[in-house]
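One chain, subunit A, appears in both complexes that follow, with subunit B as partner in the first and subunit C in the second.
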Partner chain A sequence: MALPLKYNFRNVVVRWRSSMTTVLGIGAVVAVVIVLRAMARGIEASSGNTGDPRNVLVVRKGSQAESGSLVTREHFRTVQYLDEVARNENGEAVASAEVIVMVTAPRRGGGGEANTLLRGITPRGIELRPQVRLVDGRWFDPGHREVVVSRRLGRRFEGFEVGGTLRAGPTVLSIVGHFDAGGSAFDSEVWLDADEARSIFDREQYSSILVRPRDEAALQSLVNRVENDKQLTLRAEREVDYYAKQTATALPIKIVASLLGGAMSLGAVFAAMNTMYASVASRTREIGTLRVLGFSRRAVVASFLIEGGILAGIGGAVGCLLALPMNGYSAGTLDFQTFAETLFEFRVTPDLMAAGIAFAVSIGVVGSLLPALRAARLPVISALKSL
Partner chain B sequence: MNILTFIAKNALRNRRRVILTVSSVAVSCGVLVTLQTLQRELTIPPESEAASLRVIARNKVSIAQPLPARQLGVIERIPGIVAVSPFTYFGGLYAEEKATGFAQFGVDPERFRGIMVEGRVVQGAYDDWVADRNSCMVGADTLDRYKLRVGDHMRFTGTFYPMDLDLRIAAVFQGTVDDRGVFFHHKLLDDAMDNGGAVGTWYMRVESAAVAPQVIAAIDRAFENSSAEVRAETERAFQMSFMSMLGDVKSLTLSVSSVVVFTLMLVTVSTMSMAIRERFRELAVLKALGFRRHELFSFILAESFGLAGAGAVLGIFGTWIFWSTVNLQKLTAGFLVYFEVTPRIMAMAGIVAAVLGIVSAMGPALAVARMSVVDGLKTID
Partner chain C sequence: MAAEPIVQVRELSKIYRQGDLDVVALNGVSIDIFPREFVALMGPSGSGKSTLLHIVAGIDRATRGTVLVQGIDVAGLNESQLAEWRNQNVGFVFQTFNLIPVLTARENVELPLLLTRLNGSERRRQVETALQLVGLADRMHHRPDQLSGGQQQRVAIARALVTDPALVVADEPTGNLDAKSAADVLSILQALSRDSGKTVIMVTHDPKAAAYGTRSLHLEKGEIVA
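Let's turn to the complex of A and B:
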């Protein structure tokens, strides 16, 4: 027969002082792990929800990121006139040749400088990215030194409000609008006219081409054709796949999260063991009584494991509560592929919290294993005699 | 039996608890040291004397925007500059690697001789590198890591440049703060790109640290209002600005560190109060025997301090030994290189542990001081 759960709950409550230190200790560990994983999750999410599955991104073979890619005008002409590319009502190819330029700009509030990506884009390119909506001001006029920046970026960089300016070397660009890219990678970008960008930054070549194939079959055929054409030295990939792979920045954070989680949980296991040993020691007589009443050794072990699990589970819940305010917190870090600042939001998702609680419970169970075995091994008679 | 053995005996009488407490303090101290080291690695570049004499000039737009090669003539004439070379980041992938943990730079070997003065050639010959444009000079760390020898070839796939490199190792250098880089002839880039000579940055050495500010101002002024404006800064400032781009990482490690300190505190405080509560009756006996409050307080303090101290010593030195033996560079594919646990960081963690030892003695000591002998004698465990 198993001991009632109520017994464990009440024990946790009665010994509230030592329970509380364990709960808070485990809570802190869980909170740290959840926050770090929420950060990695946020970085992955911003590149994971970027792009349209119907689009194909073409970059130079061998380049790791769009910013390090070079596409010649001849290449653009070839790709643009491929049969697979869709045409709009005017018969124009739905393709956009774009230029990526990195510009260093001051952060708001004297936080030093950071790099930001400027994307020289065409009207087709804007149509190809329905995720991006203008939320303030207007789009840039081709032929003018005007840019539209992401609203999130506008909050991080000095002078990035509508009506403000962006200095790129000797060139001053006026900011005429803000866009919102729905938390995608475009939210870390500044957009301007492609030809304007090429003339300001003296770029003969483009960085990438974004195209919309006629349909799914055409998409496959386009990817294969570009891949197999030795003349082109280009690589074509579904836009969403390209961005989904740009997660190198999240990897070190994940490594740190698991290392830190591992080390801190070791400390937490020791702390939990301490509490549970003390709990067993102070209940020696009680345990003897339980045994005399007919509860088996196994029931006693199970009961202590459950108690440790409950204790740590409460700690896990506290950890989730501590981590929850970080949800949606917007931060920026250096993207290791583009070398520009990438913006993301911490994402404390239900599955992360569930994993955090499970992690806490396992700390509790592991920590109570030895104390529980000790409790079960107490000889009944001497246990009853003990003070 | 003197007082010290009394304290030690008391501290060790529940051996299991001592082991658990010391280990959890040790683990927390280890985590704290590791975090602080990580933060240092990410925010403070390694310092070297020679670096304070070096200046890097980049395009004002950003580091990714090239500079025209014709600027060389102007820069050379600026007084105070001893040597100047183009310095272009290639960003290639070595052999079949998906991520390469060391950088490759295109430089002018003859000019570069006067810039990287602290490094010395330990294998091969510098002149051999100068003479053969398809050769390179490699840092000793990279040579060892890939088990290469002078005369071997290194192949790189260009990620920023639409070209690949196949370089023969002509010389090996050692003695700089970062012995990982690969340096090759800038001419290879000029020929392949056919862009009339564009360079990534200008890398130069100035006469003395005193003239550096004037030189920097002169360079900036020389290209003001030209199509390629320049931003010059010392090598150290350049690295610092690069590190600052990591953004919110610094505040994050800081907050995680404080959470670790908080947990550390919880553990020691709860252990100490457990240990004292068990012994309330004995302490009452001691009081009855005529021991003063401050004496009892010092017993408790010494015990708690000893436990925290033992954990700290174990954790701090254990971590120090761990990070000095582990080849982190290999483990993280070059993301973390030095990960040097400095005496300063170790001292900081030691102080945290010491303060903890004192703070966690406070609660129990106060309780003991307040208790009346009669109540204390009445307590049962």
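Let's turn to the complex of A and C:
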């Protein structure tokens, strides 16, 4: 039979000074690990929920990112008139040829400059992306030097409010609206008219084509047709699949999270070990007494492991509380394919917190193992005689 | 006095190794202790009286010789059997009380019962009976640091009694107490042997304490001298 849990809880409370040190130490480790993972989650989410499963993105064969792709006007015309492409009520092909350009803009609060992605879209571009909603101002008028920026970018860059301006070389673009892209990758973009973009940046060609096939069967057929047409030298892919692959940018952060988490948890294990050793040392006679009363070695080991687990579990909960304010915090990271700043929100989810607490408890249990074994190995008589 | 001894000690020796030196703590001790006896083990420091008590109570092991308690060869039990045997057959009272500081009087007394099959209400009843016996039913919810030394030792006696063991061992139980508290504790131990049928073995070097017992055994240099 095990020792009552209240024995462990009260010991944690009574020894609150040393308990606090361990709790805060483990709390800090757990907070860092949760925040890093929340960051990776956010980055994954921003590319993960981008796109519409009904859309197909067409880029040049061999290009890894949209920004590095070139699509001619002939290509656009060919693709647009393929049978598989859906038509809207006006009989127009639901397809948008787009231009991707990088511009630099000053960060708010004097944080230097950062790259941001400018997307020139043709009139169907908005209709192809129902997840993007106008939240302030109006959409740009084709043929005008007007742009609409994401609300999130508006908060990060200087002068990105509605009525503000954006400089692209010698050209000044007026910001006429803010959109919200629901946390997707488009939240890191500035949108304008594609032909306007081609003229400002002196581009003969587009970067990509986004197209909506009539149905699922048409989608498959379109992908096959584009892929197999040697004349086109284009690659077609479901839009969501294209963005899901961009998730790779979260990988370095995941690696850092694991390395940092690993190193810090090693430190935390030693901290827990230290606390539990001190706890065992000051309770040697108590342990002797429990053994005299008939409690087995195993019960003593279990009790100290549980106590370490409780202590670290509290630390884990503290870590979650420390990490929680980061939930929803918006930040930017460099997209290594486009070199543009990609915005994402930290996502401290319940499952991350549960994992954090479980991680903390395991730190506590591992850290308590040696002290617990030491406590149990002591011969009863010498434990009793200790002061 | 009953015919069968509850404790039979034969040719008991205990030799400690201290550095390169062998220290003889007990040297061929043989004694019989009978049920309902209240035996005081006396002698100067280092005479081996505590060692004898510890071996009889199953918390230390002899180098040679045998100890039978209620006919059971204590040396023949392994570590976990010994723990279980102690829990069921021996009640312990220490000089320094050895209560668990974070637990209340009631919880301290309940500890040995957690190793039995008794359910919660049965345990509570036994704990209350034991605390009433030592006159501390009204201090049940106090922690040790809220009790006087004498009260703490009475809680410790209640803990020793709660499993209803045949044998109660006490190692200098009055060593840390004032005269009045010491007298209370000794009276309780005396009542245990006289009225409750327990066998009590007490180590003391205070002749006044020993006078509460039914018999005194004197040890010197590891041997019984009287």
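Before moving on, here are some points about what is shown:
To be clear about the criterion, the second predicted complex is superposed on the first by the 386 of 387 C-alpha atoms of A that agree within 3 Å, B and C clash if a C-alpha of one lies under 4 Å from a C-alpha of the other, contacts with A are read in each partner's own complex, and residues count from 1 in each chain.
Keep this in mind: a contact is a pair of C-beta atoms (placed from the backbone, for glycine too) under 8 Å apart; a residue touches a chain by one contact, two chains touch by 3 or more.
What you see is a predicted model, and the numbers here were worked out from it, not measured in a lab.
With both structures placed on the common chain, the touch criterion links A:T275 to subunit B but leaves subunit C unconnected. Set side by side, subunit B and subunit C differ in how many residues of subunit A they touch, and the one touching more is B. When the two complexes are overlaid on their common chain A, residue A:A354 makes contact with neither subunit B nor subunit C. When both complexes are overlaid on chain A, the residue A:L321 reaches neither subunit B nor subunit C. In the overlay built on the shared chain, the residue A:V135 is in contact with neither subunit B nor subunit C. By the touch rule above, subunit A contacts subunit C in their complex via residues 1, 3-4, 6-7, 10-11, 13-14, 285-286, 288-297, 380-381, 384. On subunit A, the positions that touch subunit B within their shared complex are 17-18, 21-22, 24-25, 28-29, 31-32, 35-36, 39, 60, 62-65, 67-68, 70, 101-104, 111-115, 168-170, 201-202, 204, 233, 248, 252, 255-256, 260, 263-264, 266-268, 270-271, 273-275, 277-278, 282, 331-334, 339, 341, 387. Contacts from subunit B toward subunit A in the complex involve residues 16-17, 20-21, 23-24, 27-28, 30-31, 34-35, 38, 59-65, 91, 93, 99, 157-160, 162, 164, 195, 225-229, 241, 244-249, 252, 256, 259-260, 262-264, 266-267, 269-271, 273-274, 332, 335, 380-381.
The touching residues of subunit C, counted against subunit A in their complex, run 54, 59-60, 79-80, 83-84, 86-88, 92, 94, 96, 98, 100-103, 107, 111-112, 114-115, 159.
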